[in-house]
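Pasting the structures here.
In what comes next, subunit A is part of two complexes: it sits with subunit B in the first one and with subunit C in the second one.
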Partner chain A sequence: MSAPRAATATPFTLVTGVIGADTHIVGNRILSMALEEAGYRVVSLGALTPAGDFIRAAVETAADAILVSSLYGQGELDCRGFRELCIEAGLDDILLYVGGNLVVGKQPWDDVERRFLDMGFDRAFAPGTRVPEALAMLGADLAARTPKAARQ
Partner chain B sequence: MNDIASPKAVAAPLRETAIPDDDFQAMRVANLARWPTGAAVDFDEAVAFHHALPPHKRLADAMRRAHDGRRCLTQPRGGFGTLAMQKALMIALDRDGLADIVPTTTDSYTRNEQFAAAGKGVEESERLGRSLLNGFPIVNYGVAAARELIGAIDKPAIMLTGTSMPKLTSEIGFAAGYTGYLGSGIAYTTSYIKELSIADGIRNYQYLDRLAAHYASHGVELHRRQPGFLTGTNIPPCIAIAIAVLDCLLAAAQGVRHYGLELAQTLHLVQDAAAIAACEALAQEYLARKGYRDVFTPVTSLHWMGAWPHDAAQAATLVSYGGTLAAIGGATSVTTKSTHEAHGIPTPEANAEGLRITRMAIYLARGIRLDGLAEYEAERTLIEREVRAIVDKVLEMGDGDVAVGTVRAFEAGVLDVPWSPNRHVKSRVMPARDARGYLRIFDAGALPLPRDVLEVHAEGLRERAAREGVACDRELAIRSVYELSEPLAMLAPDRPMPAAAAR
Partner chain C sequence: MSLALLIDFGSTYTKLRALDLASGDIAASAQGPSTVTSDVNVGLDAAMAALARVLGGTPRFAHRLACSSAAGGLRMVTVGLVKELTAEAARQAALGAGAKLVASHAYRLTAADVARIVERAPDIVLLCGGTDGGNRDVVVHNAHALAASTLACPVVVACNREAADDVVAALAAAGKAAIATANVLPGLDTLDIEPARAAIRDVFMRRIVAAKGIERAAARFDAVLMPTPAAVLEGARLLADGTPRRKGHGPLVVIDPGGATTDVHSIGRGEPSTPGVIRYGLPEPYAKRTVEGDLGMRHNAEAIAAAAGIDAIAADAGVPVAVATDAIAALHADVEALPRDPAQFALDAALARAAIRIAMTRHAGTCETVYTAQGPVSVQRGKDLSDVGLVIGTGGALVHARNPAAILAVAAADAADPLSLRPRAPRFAIDRHYLLYAAGLLAEAAPDAAFDLATRHLDLLTEGATA
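Take a look at the complex of A and B:
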């Protein structure tokens, strides 16, 4: 995609992708471009990515966070056990975000958010969240952490 | 990725020519053996079932009647994870929504042939009493259950299964009494899968089209339909129509004689009307060039496929205007959405409401046409020149074979789709919306469009950038992706906005 603008590089690595059998790539690609422009190293897995592929990529690249997108409603099924898979792979404290149209149908956001936080995601983002809001949250959450790369 | 074994295809070179009968019957046997419910497909019994359907439950008949009478039929999208939920949905759409065509959308596990995962989704949906699947897993349920759905409604039913692997859903759907199937080898392979090659996607749909032709040879005309919406985000009409024409030629080569073309709305009245007219005319032009003179190609218009506004009032406007655009454009049917679109899958009530809003708009637009309007004629001419430039090049690259030309053209970027998830598509082309609301091409990649045509596109985009005081760059294209989902206070402010927020 577009060449990253000269931004101040951060020491953090992020994995992005669209989970499960979901083909909605547009928003995820725009998010990944914005993350690169913000100076992150982004491992972009694209559409139709099984949970295991996120975790493998995070292990291989010593990622600090995984950002899971889901637009098609079946995210609730796809994301179950995601935190447990991370722990099994030794990624006990990796930052986990999820966002999009996460469930089937229009359900109260507080219920949906609770469901995903209970699954072990650190933050869940409601449908229609814009990139700057996610970038701000991510910056604040990562500021409190030591980059993975610096720990090894 | 798939949890069932795909028989290794005999690596015959890809050609557009019809699959020979013996080969096809062997392919059907192997296909139906891939999942237990395949065994219940009995072709002769299915043909008898279709012959016994009343004419008003046959979609091919309904589309021909609507086309003859210049009427615009309504059809929503819709699917839930259990038979009971799906039945209630289809009844609501038929009776409360006055749908002319009732859909069954399959869930995304089924579309990717992950039938074991779909089975778990059914169990979980039943346990929790709400659908966890985004559609109906028709392969898990099988022919007899799907026939309960056909029996529950008094309208024709269509399968909507966004997939590049339609071989089992189509066998089971047609055997159950569905009389329509949306999907095509080029369009869906570029939009619904990451790894599958264009050639294999074409092969999978050659099977489906050959199956539809096989039913036709037994007196059962089915409505095949091409989904021109592709990746659903700012698709300029020329890209959608070029691919629709190529998919149509591939279907005709397998023997299909009834092939609908579905175009997503750009939400520009003139551009959509011009696209609908150009699409049918160009399909017929290329069919004639290839020697097919008896293919029926009605056009369906599809409500906005990009990002939707969350505000129900703004969303209702898109639903209503979508009916207006389809009717004035002369579409034979319209595929509807609802005020819930930004939030995901609609409830049956919201879905039925979307149908009624659209139906009222169609009623109001009766008889209105844009033919003769200078701006409409200019846009139609522009689209036709663009499509001919692309399709002629594809045919040339394939030495006359549509399948071969398509594969080579994607490799070269001569065919290209914006924002495609598929690795075999270059996705260099980048559209944006211009100053007057037309969808134009900001970066044409390797699309073989004439220089003066590209200048028309560039001029409109420069005009917009100048008016808004921004650079004419990729940022404008990206902003166009979200534009119509933005809050009204930002799109059409009632008071001056602070300079920073106005961006």
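Take a look at the complex of A and C:
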């Protein structure tokens, strides 16, 4: 992937982290490294991150997107009300992604995806999604949004 | 004999220490009343006369350095964006600069917020907000809000570097003095408060000293370097770090249970002392100062009793609750009161113990076990002070106590409060001759002499040597 914006423009800022009482940090770290390599400014919050911390970090850093990881099956509980928290903090239109092992047991992915989209996430990623695939979608979704300069 | 004169313009006393630079000994100590609100020279004259009596004349001093907490101290307002992030970083920077925080704000300033800031008449406003490359509109909004107000004091700007030019321009256009310095929180994982502290100190030296009426005595000293709490913090830092020729004492804590507040200073990185612990929250300052505005031995004695419980205070002092209640009320009425009989000494000791225990608990970090699907995980918030080897008490409540060791001991870790990361097995010492401020003032000009002075006069309360 090439840089998401022309070299002269400010890079997009992304907040990443693993939500809830979840210590699975390895995949999230690999993702964050790939995002940095692709030219994004990454604010990496690491494991065991409460929902409120994603939002506080996004406010302070004027982030363009929040990428939530959840690997331990409790993601559905942890992510409830996430979009509402963003709206409350003035981040009404921030891009929200979620990915990982989002639910317990074998459930049809379409079902799971629908639940997270209904919660206000812009995209949900199934286990096993390749990084380049996610990067392509992220690039397209950010490009379709109002540039940062116009928002501030 | 080459001497240094160290002056502390306090709110009650003007204190002097004359130090022999060659030996690191105190040549003389003296004090006079504080007369900053009328003519600072009156109190200084009285103190200098007392000093001259001890020294047999007024010698020529190699250094004449001063600090000041007079006329209300350095009154500051801090403004940041997110309460737990840049607003907290701004507070840390101001406290570390020795300020008395009169208000702290987060997010967009409202008209009411601005009116309150103007009303508080701070000496300096510290304006922060946004990590570098992060949010810029809130700090710019806040700059315009302050610019449109009647605020008269200088504004130190330590915000998102991309917004700093606009912020300074907005303030300058309205005739406000705006001083730009590095962002206190350039990234969420980087606290950088030293540049802001230096900028605050510079404004203090150039402007605040004059505004406080101390410049009337300008011919009598070389410089008023910093507010007194900053001098104490610098003294603590010198003791901990040492100099290129003196080995420091390592991580340490200084506690000052004062009349109105209890200050705690810790020097040390505060990293987890056990492996596998996950750190949570903002990075911690290496030299950290906290001020507990509700814990004061005189002005806030009733607040200490409220926080600790009057029953506990009475039991600790060994007096009936009714006696303790009356005695504490009397302290509030007469804040200059010194203990005379055994019951009053016991009550003062109980108040000091409660103030120190609570202030240390708030200053030190915590380590909590979080149960995850993968098993228990330890999460640390704040500084881990477990390995701090030295706890120093300063201030009248400890210096005049009958058993200061028994009072200071409550600063250490307590089995009843296992989450608190207070020092596990520190040695205790008393700054009996009130020299930490003097060492802090002298730290730049004569670091070795300052270090020797502070080290030699630490009164160690437990077994072991200080150096």
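In this section, the second predicted complex is superposed on the first by the 139 of 152 C-alpha atoms of A that agree within 3 Å, B and C clash if a C-alpha of one lies under 4 Å from a C-alpha of the other, contacts with A are read in each partner's own complex, and residues count from 1 in each chain.
In this section, a contact is a pair of C-beta atoms (placed from the backbone, for glycine too) under 8 Å apart; a residue touches a chain by one contact, two chains touch by 3 or more.
What you see is a predicted model; the values in this text were computed from it and never measured.
Trainee: Once the shared chain is lined up, is A:Thr10 touching subunit B (first), subunit C (second), both, or neither of them?
Mentor: Touch partner of A:Thr10: subunit C, not subunit B.
Trainee: Answer with first, second, both or neither: which of subunit B and subunit C does A:Val103 touch in the superposed model?
Mentor: In the superposition, A:Val103 touches subunit B alone.
Trainee: Under the stated touch criterion, which partner chain does A:Ile30 make contact with: subunit B (first), subunit C (second), both, or neither?
Mentor: first
Trainee: Would you check which partner chain A:Leu48 touches, where first means subunit B only, second means subunit C only, and both and neither mean what they say?
Mentor: After superposition on chain A, A:Leu48 lies in contact with both partners, subunit B and subunit C.
Trainee: Mind working out whether A:Glu60 is in touch with subunit B, subunit C, both or neither, as first, second, both or neither?
Mentor: Only subunit C; A:Glu60 stays clear of subunit B.
Trainee: Now for A:Gly120: first (subunit B), second (subunit C), both, or neither, which partner does it touch?
Mentor: neither
Trainee: For A:Glu76, using the defined touch cut-off, is the partner it touches subunit B, subunit C, both, or neither? Pick first, second, both or neither.
Mentor: So A:Glu76 only meets subunit B here.
Trainee: Is A:Gly39 touching anything from subunit B or subunit C once the two structures are fitted on A? First, second, both or neither.
Mentor: In the superposition, A:Gly39 contacts neither subunit B nor subunit C.
Trainee: When both complexes are superposed, which of subunit B and subunit C contacts more residues belonging to subunit A?
Mentor: More residues of subunit A are touched by B.
Trainee: Go through subunit A and flag every residue that touches subunit B in one model and subunit C in the other.
Mentor: Overlap of subunit B and subunit C footprints on subunit A: residues 21-23, 46-48, 72-74.
Trainee: Under the stated contact criterion, what part of subunit A meets subunit B in this complex?
Mentor: 2, 18, 20-23, 25-27, 29-30, 33, 46-48, 50, 72-74, 76-77, 101, 103-106, 127-128, 130
Trainee: Show which residues of subunit C lie in contact with subunit A when the two form their complex.
Mentor: Against subunit A, the touching part of subunit C is residues 81-82, 84-86, 130-131, 133-137, 185, 187-188, 278, 280, 370-374, 377, 379.
Trainee: Sort out for me which residues of subunit B touch subunit A in the complex.
Mentor: Going by the criterion above, the answer is residues 1, 80-81, 107-109, 111-112, 114, 117, 120-121, 124, 130-134, 162, 191-194, 231, 233, 307, 310, 340, 342-347, 350, 419-421, 474, 478, 481-482, 485.
Trainee: With touch defined as at the start, can you tell me which subunit A residues reach subunit C in the complex?
Mentor: Per the stated touch rule, the residues are 10, 13, 21-24, 41, 43, 45-48, 56-57, 59-63, 72-74, 152.
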